[in-house]
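Before I ask anything, let me first share the structure, which is written out below as structure tokens.
In order of appearance the chains are A, B, C and D, and numbering begins at 1 in each one.
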Amino acid sequence: MSHQATLDHKLALSLLESFNAQGTLMAWDARLTSITPGACEISLPYSASVSQQHGYFHGGVIGAIADSAGGYAANTLLMPVSECLTAEYKINIVAPGAGDTLIARGKVLKAGKNLVVSSAEVFVVDKGQEKLCAIMQQTLFVIPKAESRI
Amino acid sequence: MSHQATLDHKLALSLLESFNAQGTLMAWDARLTSITPGACEISLPYSASVSQQHGYFHGGVIGAIADSAGGYAANTLLMPVSECLTAEYKINIVAPGAGDTLIARGKVLKAGKNLVVSSAEVFVVDKGQEKLCAIMQQTLFVIPKAESRI
Amino acid sequence: MSHQATLDHKLALSLLESFNAQGTLMAWDARLTSITPGACEISLPYSASVSQQHGYFHGGVIGAIADSAGGYAANTLLMPVSECLTAEYKINIVAPGAGDTLIARGKVLKAGKNLVVSSAEVFVVDKGQEKLCAIMQQTLFVIPKAESRI
Amino acid sequence: MSHQATLDHKLALSLLESFNAQGTLMAWDARLTSITPGACEISLPYSASVSQQHGYFHGGVIGAIADSAGGYAANTLLMPVSECLTAEYKINIVAPGAGDTLIARGKVLKAGKNLVVSSAEVFVVDKGQEKLCAIMQQTLFVIPKAESRI
């Protein structure tokens, strides 16, 4: 039981250390708001730094947050021993990113030894209402975890 | 001939005005480095704001720049009358984004009345050498151009 | 009430007529096994005509059945007035297609005036057990329904 | 030099044996019309077995042929020692498959130890004129070649 607690603690530290080392996500003030085995939620507040020409969240930002949510969902099953890099992703934007917050929820569909397949749904929150904004599918490949800086 | 020149000037202004209104690209210091009918090149210097945990360009940023290059390639055929929004894109990252500059070259493959299909290649420049980093396919839908702010 | 029944009957006839006119699906002996508004299930028995070199369902067949399931899910909302054509799809194969039957379940995620976004899950049935085999995302565009042959 | 010829002969045999073992492609009368290192061309005659409801090539068939062309392009670099399975593919259909022959040309963009990324262009030939019909991107994973049946 205490072993499990130690493992979970190491995993959580490893995930947060990795997330906080992502300059792109830090510059946007993105937050890791939920982690469970095989799943991950990231939220992103609206700002000029994530906007497109009409004042909505940029499609490329929506893709980047979905990519990150799927990747960290995979990392919950891989870290602290291994981690993953994105091989490819595909995103359909089904509604404009009009709102004050993006919430991306990623989950693992298949965890293989070398490849992980994840998906994510992205919601945009406007006046407290969540609306489906985008869906993503993704392939990640597993690599040994680079040495921790902690 | 002078009519054509006027049209080109309006088109170029319209493209630049739209590009410069994209807060995401401005925050990254992305530049529109080439425009020809049906094609577009964007370059992006490396900075902490576009990095991932290993110090490379973030996969989501690579996707966002490819998405933008394909979209502005489409806009060269649509503006100033119409413009496009991203319906979907898919990107394969074929090499780590390790270098000082990303260059994304987008081109239109099919321009329909309602839909445009574009593709893009993304190169990473390291010590002056361009290396293929990612390939993208994309569907855009055409909307009337929102009123200019100029 | 009788008006509604007539409408549903016309819709069902329209869907079946279209499905049965797809030579590819007929040659494979694919069946439309469930239709509800915005959703569709197709099942496909294994045969040499849908196999690859190891005796599994061919990856291209898995994609074709997923594409069809997403398309007919959209058609439940469009026919008999309109119908749809595939603009693009993307499929991740997460397990080999090893079994005696493929079951593809498509559903509509967003139905717009000109574009519909669908997704599908494909399961392979082996000794009575369903196993997730593939996931798909897709964009369809809406066209007026060609005149019925009935 | 004679060693190289022997190797090429073994590779060609291995490719043809694998292609001819694909029941799906055989049922359609698909042909491997060109092979060079890292590239492959497949052609497919129109028939009821590859049609959709309007008498064009079925979108799922277009995807299956593109998938096969990308896969055999990869196999030219892998066989007879290894071979590949499709992890995922994404296809944009840019024009209806209206014509008498489909020609898919696949090529390898990146050949890694475990993953290969390929792309393909699909053309439809109508009255002797080739027209771009679809574009595809794909990820394949490398596996040891199953024992030859020859």
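Here is the rule we use: contacts are C-beta pairs under 8 Å (C-beta built on N, C-alpha and C of every residue); 3 or more make two chains touch, one makes a residue touch a chain.
Worth saying up front: this structure is predicted, and the values here are computed from it rather than measured.
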Computing the C-alpha centre of each chain, which chain sits at the greatest distance from subunit A? D
Can you give the whole-Å distance between the Cα centres of subunit A and subunit D? 34
Just the number, please: Cα centre separation of subunit A and subunit C in whole Å. 31
Gap in Å, rounded to a whole number, between the CA centres of subunit D and subunit C: 24
Sites on subunit B at which at least two other chains make contact: 87-88, 90, 92, 137, 139
For this assembly, give the contact graph shape among line, ring, star, complete and other. complete
List of subunit D residues in touch with subunit A within their complex: 87-88, 90, 114-115, 117, 137, 139, 141
Within their complex, subunit D touches subunit B through residues 90, 92, 94-95, 109-110, 117, 119, 132, 135, 137, 139
In their complex, what parts of subunit D are in touch with subunit C? 18, 21-27, 47-54, 58-61, 63-65, 67-68, 71, 85-93, 96, 146
